[in-house]
Structures are given as structure tokens and as C-alpha cells.
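In what follows, subunit A forms one complex with subunit B and a second complex with subunit C.
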Partner chain A sequence: MTNALPTPSAAEAGARRFTWPGTRVLVVDDAITIRLFCRQILEKAGFEVIEAINGLEGLEQLLQGTIDLIVVDVNMQKMDGYEMLREVRRQPVLSAIPAVMMSTKSKPEDVDKAYAAGANYYLFKPIRPEPFLACVRLLTATVQ
Partner chain B sequence: MGLVKAKIRKTKTGSGASDDMVGLSAALQAADPAERRSAARRLGSTTGCEAALLDRLAFEHEASVREMLVLSLMQLGTQDAVRGLAEHLRSEDASLRNAVVEALEAMPDAVAPNIELLLADHDPDVRIFACNLLVGLAHPDVPKWLSHVLENDSHVNVCAAAVDALTEIGRPDCVPALRACARRFPEEPFLSFAIDVAIARAAEQ
Partner chain C sequence: MDHLLKQFVPEARDLLDKSSEALLTLEKNPADGEAINRLFRSVHTLKGTAGIFEIPSFTKLLHAAEDILNLVREDQLALDPELVDQLLAGIDVLAHWVEWLHEKGELPNDAASVGERCVAVYRQRLKASAPAPAAAAVDEAAETGPGANWLATLPEADQLAAVRLLAELGNDARLLAIAYDPDPQCFYNGEDPLFTVKQMPGVLSVAMEWRQDWQTLCEGDPFSCRVRLRVLADASRDAAGELFRYVSEQVDVREVRLAELLSFSVTPLPADSEAIVAQWREDAADHDWMALANAAEQASDREDSIGSSARLIRTLLEAPNPPIDGVVAIIERLGASPEAEPRPGDSPVRQLSEESLGALVLQVQQAIIATEPGSQEWRNRLAAVVETLGRVVYVEFQRDVRDELEQAFEATLAANAAEPLLTALSQILSPAPAIAAEASVSAAAATVDTPRRDGEKVLKVEQSRVDAIMDLVGELVVAKNALPYLARRAENEFGCRELAREIKHQYGALDRISQAMQGAIMHIRMMPVGTLFQRYPRLVRDLSRKLGKDIELVIEGEDTEADKNVIEALSDPLLHIMRNSLDHGIELPDERGAAGKRRTAQIKLKAFQEGDRVCIEVSDDGRGIDPAHIRRKAVEKGLIDEARAAGLNDRESVQLVFMAGFSTRDEASDLSGRGVGMDVVRTTVEHMGGDIALDSEVGRGTRILLRLPLSMAVTRVMMVEVADMLIGIPMDTVIETVRVPKGSLRRFKQAEMFTLREALVPLVRMRERLALPRHEAERDSEAVLVCRLYGAPIGLVVDDFNVGIEVVLKPMTGLLAGLPGYAGTAVLGNGQVLLVLNLKELL
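== the complex of A and B ==
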């Protein structure tokens, strides 16, 4: 399975290998294994990771402090990823935060729906460390 | 006395019940949500009205009415109700899907005969939701069903959902199936990681 958008090239990722200290990534997923996997990859690369188990909890985390990037699943109880991102884009204080959406859903309409909700990038599950990290680095470099 | 009355209502099958059902089924289409909700509640104690409740559930967007439709189907607890609810696992509406998962979790004995069918569904998303459902399903066969997925399902994300379910519930007896799954998908770093986590959790039990 390939990603919806071209994977950032190794050169692009390498050019942005420096991680700004204190860059905070919010990982929102109801699957504990996904949260742990993302945490392991991101912390190893120098990012600070905050977790939430659904969109509602994710929004609460966003409103509590500075988050530089959102990584969010689609299917979750209480509030799904689409709804969470729509809410993020509606709120002036949060609307500029970039977001990576990840999902098992791979139909073109699923990808369109993610971008319409406010995603900056879409990754198909199961995520792989290299493209995931390259994507996070690109999006966090943009906001610095 | 209250219980007796409830039992009488639930087993009402005469012509009066039939008239009630026709009227209440029509009321499910009323413009007023309060009227729809009331009809949904009353249909929950009348046998044979699963189709009416399920038909309305497919279109109902008012949260309080939807909740009552699901509750009434749970109250009926029949195989028709369970199968009809399970069909909504295909819905693109996340809130409906989530309501269905919660409802099915709450009726383990009625859901159990349908689990193998759900886990064999042609749509991997339905199989993933079935694995999610197993996390909260209080049934002794849950480890067996999840092990079967780990050993046989060809879709990596369905297996990942089964691994996540086992990480949540922690079952040492499923470790061989977890290892078998790791052998089937050696090229998937996420799955290898997740299986290691699940095995570590199982060891803590």
C-alpha cells in the first residue's frame, strides 16, 4: 500500500533532520499499540509526545497547551478524527496546527474526506517509521 | 407486578399489538423527534418490530431518538435485532457505528453466534470493528476468536486490530497465536512492535 501523497524524499527528510527542542506532537488514537509505536519513533527522534485516546480528549489536550503537530486516527469512539479536525480548524487558536491523519481506510473518498476535514497529510495504516517520521519532520519544520 | 406487566407487554402478539405496531411504526417517521423517540421506546417492548426500528435507525440523525432506537433493539435482544445492528458496522457515520459497537458489547450471549460471520466478512473494516467489539465483549470465546484472526486473517490491519484487542485484555493463552501472526507478517515493523507489546502485557497477567 502506498501513501496518498508522495512520500517525502530521503533528501527532503534529511535536510530537516534537525528537530527543534521541545517540539510537541499530539498522538490521538484509541489503539494503545499505535500510540506506543508513534511515541517510540517520535521520542527517539527528539520530539515530545502527548497522547489522547479519542477526539474529545485530543481537543482537551490541544486547549491545555502548546501543540506543534497533531497525528490523529480516523475511527475512534466519542469523537472521531474527522470531527476533531473540523473542530480544530473552526477554532482560531488551533486552526493553524498542522495535522497528519492516519487510517486503515484507503479508498480515494476516504482520503478526500480527510483533507476536507483539515488534514495536511494522510498516511495509510500500518504506518512505517521512515515515511511517518519524514512527514512529521516536514510538517513541524514548516511551523517553526 | 411491574415485572409481570413488562412481561405481558413484551409478549404481546394479538391484533391489538399488531395495531399498535403499525401505529408506532408510522410514528417513527413523525416530524417531531419527541414523537419518534416515544414510538421507539414503546416498540422496544413489542416483539416483531425489529425491522421498523432498524429501518429508522439507518436514517435517524437526532441523537436522542437514535439512542432510543438502539436501546429498544437491545431490549428486544433477538437475533434479528443483533444482525440488523451489526449491519450498521458498515455505516460511514462514526457515531452510529460507535453506538452499535457499544450496544453489541452489552449483549454478549446474543452477539456470540454472529461473531464468526463478522470476522469472516468480506469488508476488512467490518472485521476490524468486530475485533474492536471483542475488547468489551464479556464472553469466554473472545481469546479463541482473536487467536483465529491472528492465525488466519490475511489483512494486516485486521490482525493489528486483534493484536490491539489482546493488548487491552491480556491473555497469556493467546501468545502462540501472536507469535504465529508475527511470522506471517515479518515485513511489518508496526505489527512486530505491537505483538511484542501484547506478549509483554500477557506476561504481566
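== the complex of A and C ==
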């Protein structure tokens, strides 16, 4: 599989080409600073950012409009990231939306738990602008 | 200040407040699982957020605290008062740093050392709580043979020196790594281990470590050798053999090459290492040593393991003939450390290969497909996996494979097994030409009733912005008040009655809107008194520990809301009342026990709303105030004379504490402070338009009730005319307006009064009181504004009544600031300045 893949730079270039205006990313985190951080990076790259402060609000946002990608924190009040993703995966209308989970938890079992809950990728906090953006670009690529 | 940082400061403050609140709850009730979770979550969130700023000391401290909390949560460490103290101290340090970040945008200069100290304290606790068997095991492992693992702990300067030397010596160079564990009794054998080691030629590094946990001086045997020596030297094996010939059984000598020196895993890796290491890898893979040197240079100022690796790389690349394997080894070990074990989702580029982020994401999806096939969760997850695969494959291969994937998805669901999807995926990923597939997919999407739940939406706005709107509304109110004047002028001066009516009509509309607006903004400024109360648990805890008293604080009604200004202004008076209660009111446990009371005293802090007032009640079950004692003190201090003191009943006597210059304690304690007494509390409360009441019963306790307006922003005043001047009287004191016929006025010695519904109301002539000229003409009746003062009615004789009006009251400033009797000034619609009286001060 490794051999078949293009070099990182090509993938990067490709990702850039496939970002469309109006791509909507839902950022769910109880820390306002993190939400703002994501918003700044993503908006600068042309994404539309929707924020939610916990899983419940995240679900509500999901039901209100088309979301292309979910970026979600683990620890939140009311409904944490795992619960939210499990709920998203249970709902037929939402279940196909890819999700990236981000957390300071870095043990392999934490990562596995995220994938089990329904995440499609896992980023370690503190998130850095470049990898974060690259990841969002890749996962929001839309087929023409 | 950086935009993000600006956002971070209030959030951090909030989280720190929550942490200490949870900590105190937890101390009281260690079994409170919700509190420990709350505490943990706050610390964790703060750590995650702090990570995006370059404040390593801050993050490190949080990290150490989190480790401790983790143990507490898992019941491996008891939350004793000492630990609470230590954690609170940490929170204080962080809070202090947050204020620095707020003001200066950076941490104080001593942050690193202060942080280190706190972290050291936490580490100590961690170590102390580590299960004993584990510690023994570690020790045992160390006993069996030192090996060369100690090289991992080599001080960085020494490591750099060794690496530099090896790099210069060339590819095949070796150093000697000598681990010398002297016999504890060596001193009796005439050995001097340190001296021996110093005889070694070409020593690069000498390190000492304790043989086992160091005991206190009195326990240890000063004549036994308790250290181990670790030496790195550029010397031959023979030289070492010669030197250590008498103690060869205590010495382990081995040769290390550059690669071995660098092969030890590095922990902990900072969380942001991923991207940096990825960059290094890429440069190394491209053999772009220039770029790598630059990248290493950039990271070389860091204090973490990435920084030390960067310095190593730089050192190696500076050598005349850079040992590339060494460089690669350094980069490798950053990836190979336990923290960063290769796993799906790890750094975008894990090895020096051509793997991309896309490849990793594909691997992750593959792994997800393969986990627990057949389970309901697995089925639920598939749609998103297929969607992700479609997107990533499109980016990576510029191919639209959605149809193939959909088909495989259907097949997988039908078979309830992972194989169809996995097969399809491997076919897609194989270089073979794409398989044309027919689309036979129906959209799985169906509308489903999903429960809608209420989420709170919170908008955080800086206070100053709300204040700005408030000010503007204030001005709008003033501008609005100009319309009636305009209407009057239109009618009287220009004779346009019709226009005047229209203006009045418009005024009515504008009045309604501006009032609604005021209400709305006022509502924004309302905040729960809980924000004020939350600092008291800490205060009570700290002070009761200091005073040796056992006090329980009960808080009620913290959801009661009041204007932010009111709450802020209450902070000091309330603090003072609380301290008084703690210091004077509450007895020592033994004294309470002797009096037949519960040893644990109670202070109750209660807030509630009563009409348009917010009430805060502080009550304790302490010793109460002894009226006789108060009377005696007041006479001693010359505040009242004996005769008056004798005439006071108990309730009245207790009120004497509000007199200026009254302080009952013979020696001022360091807690309730000196000089500032209850009189200051009273004045502050009254300045806010509130009042204060005190009840006390000897032996049973004291109760203080503060009643304050809900808002201080807009004041309704009644305007009256006195000697052609307009004067404002705060509406909340006004009871009614009456016109009293001259014949109804009664004179009683010097005082004038009149009867109002069978009650005698004393009169005050405002002209006299304000030192304005007396009336020239006799009047048939007097205009009397009946106000409430200290709970009793009083009549103010004025020339005439005007209208009630809402004003934004500005306190007197400059020279007039000290003038008693006035609450402040307000600007009227016609630009005239209205003086508003403070009746309590004036009369």
C-alpha cells in the first residue's frame, strides 16, 4: 500500500485543490480558546466554521445544517466527545459525516476509544496549525 | 495582546475558579465523585488550552497537578489538607501567571523556577504514593547490573561534549562508559572511589547517583559509601582495566559508539513534537542537511527533549564530517519513544518513508473496518468510514471511487463481515487499473426524528463593551428627556399646539423603547451573586485553619442575580462582615463544646431577591454580640455619654457597632484588620443606595442583612423646586406628596410636624436645611414630600413638586467629591445639572 501512495507534497497539493468554498466544519470544544484557534486557522483557509461548546450543542448544530466534518474534543460537560460521536453514528442522517477527535490524551487506548466511538482520525492536543489544517483539508475533500 | 491570549485569560480565570471550588468541595466530601471529575476536567481543559501558547512552565505545572489528581481520582492518593494546600498553592501560582499574561502577555521571569518548585512538590507526593512493590522492583533491577542504561540520563552538556568528540573522531570512534558501584564498606578498605575515577584519562563526564533512596542524615551511616559513579571517558579499555584492577568486580566497563550513545528513547516528548520531528525526518530523507541544521537551530532554544535533540543534531552537523547515522539515530529515537509508539493516527510521517497523512488516514479506516466486525457499533461507524475513504482516495489518487465503495459498503452490511470493504479497499489501493463498477446504491439517508435538546448558548463579552452600550443608553435617556422641553417650547413660544402634541407622542414611543433597552442591557449586566460567593469557601477554609476554628460555610441562593456593579461593590463589605464573623463571632471548638454547642460552627451566606432589592444575609451561630459590652465600649471611647447608654435597649445598643471609630476587640487581630470597622461597611452599603441591619443574640449568633438595589445604573428621582432650583430626591425614599394647609402644621418646641393619617410626621424645611433664602411671602399651604428615612416617615417642605424622572446618576467628582449630603449629579434634557440629595447624609 505504501508504494502506491504519492509523496506527501503531492498529497498536500492535491488537498489544497479540493477544498471548496462553503465547506463547513463543526468545532466542538468547551474551551473557547481552542474554538477560536480552530476558527482562525480554518477561516483563513476558506472554511466555514460552526462552533459548539459540548456534545449536545454539537448534535443540535449537526441537525441544523449540512456539516462536512466534525472536529471534536473529548472532555466536555453535559455530553462528552465519545458520547456525541456514538450518537452521531447512530443517527442515519448524520452517520456518514467524518469526524476528527482531538485530545491531550495520548495513550494508545485513548486513541482506540476514539475510533471505537466513531472518530475517523485522532489529533493530539496541543494542536498545531499546519497538521490540523492538512488533516481538515484532506477529510473535507469533495468529489466534483 | 494577542487575540487568542485575550480570549484565554478569562477562560483560564474561570477554570481556575472552578478548580478551587471543586477542590474545596472535595476536601469536605472526599467521596464526591462529581467534584473530582469537575476538578479534573477543569485542570485538563486548561492544560489543553494552555498548550497552544508558548508557556511551558504553565503547562508543566498543570501536567504535574493532573498526575496528582489522577491518583486521587483512582483512590491511590488521599486528599489530605496538606495536599489541598499544595494544590491550592499551585492554583494561586497559575492565577498569578494568568494575570501576568493578561497584563504583560508573558509569564513572570521567575515562572520557570517557581513552576519547578511546585512541580517538585507534586512529584514528591507522587513518589511517596507510588506503590511500594514497584519501587522495590526498580531498585532490584538496578541492583542486578547497571548496564549502560544510565547513558540515557547523562547531563546534556556532557552528552553534547561526548557527541561532539565522537563526531570529530570519525565513524568508528568509541568511548568508555564506566559504571562503578563501589562497595558500601569501601572506605574501610582504603578506597576512595571519586579519587580513583579522577585518575582516569580523558574523562568527559562524571555523574553520581544514590545507591537507594536517601535516608535522613541521622538514619544514614556516614561511613558507608552510598553513591554510584557513572563515568564517560575517552580512554582505552586497558587504561580502565589498569585503574580499576582492585575493584574490577564493582565496575562495568563497556565501549559505546555514537549510535549507542544516541539510541536511548527520549521521554517525555512534548506534545508538539509531532510536526517538528516530521519536518526533521523529511529533511533527513531528502539529505537536505542545510535545512535540517536550520530546523534544528530553530528548535535549539527549547527546554524540552525536542530542544536537547535539536542541540545534538546541531552539534553533529557542525562536525567537519557529520556522522549521518548519528543524526538519523536522534530523529529515530524521537519516533521510537514509548510516548510516540507508532500507531494509527500518530505523526503524519512516522518513518523516513513516503507515507503521507492520507496514507495514515487510510490505514486508520482500515483498522476501524477490521475492529469488531458485526457489532452494532461497527455497523454504525461504517458510513463515515466509507465517506472518509472516498474523500481521501480522491485526494490521494485523483480518482472517484465512491461507487465502488458504496457497493462494497452494501455488501459488507449484508454479509455483516468486514471482508467486502477490505477487499474493495485493497483493490482500490493496488496500482492495478480501477475496476469499473456499476452503481446500484440507494441513499441510506432517511429522515429520522432526532431528539432536540436544549443547549445553552453563551456569548462572552467584555464588560467594557456592555458598559459602553449602557453609557450610550444613558445618554439616549438624557437626550430623550429633551423632548418634553421642546414640546413645551413649541406650544408656548411658537404656538404650535399640534406639533407639541406630536412631539409628546414621539416622546412616549421613544421613552418606551429606551426603557425596554435599558432593561435589556441591565439584564446583560446582571450576574449571579454566586460569582461573589465562590471566593468565600476558600477564605473560610484558610482563616479557620489559621484561627484553629472549625467552621462550615453554607451558601444559599447563589443564583440570585444583581447588577455587576452592585456585586462588585459588595465584595469588600461582605468580606469584612465574613472576617468579623470568623474572627470575633465564632468561638474556638472547645469553647463551643463547653457551651453545649456543636463544635463545628456554621456561617451561612444567603442571597435572595425581595422586590427590586437584592438581599444578602450573613448569619453565624457564634457567641453573638453582648449589648452591655458594646454600651460600655461606646462610653469608654466617648462615642456616647453614660446617660444615653443607659437609655438604650439591647437591640439599639448592638447598632452602636456601626458608629465610626468603634472597634470592640481589645487587640486588633491580623484578620479583620485595623481601623476599618462596621461603620465603613455601613457607609459603603448606603452609598450604593442600600441599607444594613444587624441582629444579635448573646450565645446564639449574629445575623447581618444587606439590602441593595438590583441595579445602580439608572436612578429614578423625584424633582422638586426649592428657591427656584431643581433638586432631585431618590425615588426609592419617596413615599408620597401632600399639600398641607397651613393650619394643619403643628409646632412642638423647635420642631414642626404635621399629622398624616393619624401619624405625626416631622417636617424639615429644605430652604433652611440647604441654607437658601427663606420665603418672603406667607403661603397658604406647604408642599410636603414625605420620604422614608431609617424606616420612619419624614416630611420635606419644598416650594413645589416637579416630575419624576430617570437619570444616570454620576457621583460628585473633584472638589465636590467630599461634600456630604449629595448622592451625585445628573444632566437633564435641557442641559441643566440636577443635584440629587442623599437624605441620610443630609438630615
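Just so we're on the same page, the second predicted complex is superposed on the first by the 123 of 144 C-alpha atoms of A that agree within 3 Å, B and C clash if a C-alpha of one lies under 4 Å from a C-alpha of the other, contacts with A are read in each partner's own complex, and residues count from 1 in each chain.
Following the convention adopted for this analysis, contacts are C-beta pairs under 8 Å (C-beta built on N, C-alpha and C of every residue); 3 or more make two chains touch, one makes a residue touch a chain.
Predicted, not measured: the structure shown is a model, and the values here were computed from it.
With both complexes placed on chain A, subunit A has more residues touched by C than by the other of subunit B and subunit C. When the two structures are aligned on the shared chain, A:Tyr82 is found in touch with subunit B, with no touch to subunit C. Of the two partner chains placed by superposition, only subunit C is touched by A:Leu138; subunit B is not. In the superposed model, A:Ala99 lies in contact with subunit C only, and not with subunit B. In the overlay built on the shared chain, the residue A:Ala52 is in contact with subunit C alone; subunit B does not reach it. Contacts of A:Asn120 after superposition: subunit C is touched, whereas subunit B is not reached.
In the superposition on chain A, contact of A:Ala31 is made with both subunit B and subunit C.
Using the contact criterion defined above for the overlaid structures, shared-chain residue A:Gln40 touches subunit B and also reaches subunit C. Residues 31-34, 36-37, 40, 75, 77-78, 104, 125-128 of subunit A contact both subunit B in one complex and subunit C in the other. Chain contact summary for the complex, subunit B toward subunit A: residues 94-95, 97-98, 101-102, 124-125, 128-129, 156-157, 160-161, 163-164, 167-168, 188-191, 193-194, 197-198. Looking at the complex, you find that subunit C touches subunit A at residues 3-4, 7-8, 11, 41, 44-49, 51-52, 271-272, 274-275, 278, 282, 339, 341, 343-345, 348-349, 353-359, 361-365, 367-368, 371-372, 377, 380-381, 383-388, 390-392, 394-398, 400, 402, 426, 429-431, 444-448, 450, 452-458, 460. Taken in their complex, subunit A has these residues touching subunit B: 31-34, 36-37, 40, 75-78, 80, 82-83, 104-105, 125-129. Residue ranges on subunit A touching subunit C, taken from their complex, read 1-8, 11-12, 14-15, 18, 30-34, 36-37, 40, 52-54, 56-57, 59-60, 63, 73, 75, 77-78, 86, 89-99, 103-104, 106, 108, 111, 115-116, 118, 120-128, 130-131, 134-135, 138-144.
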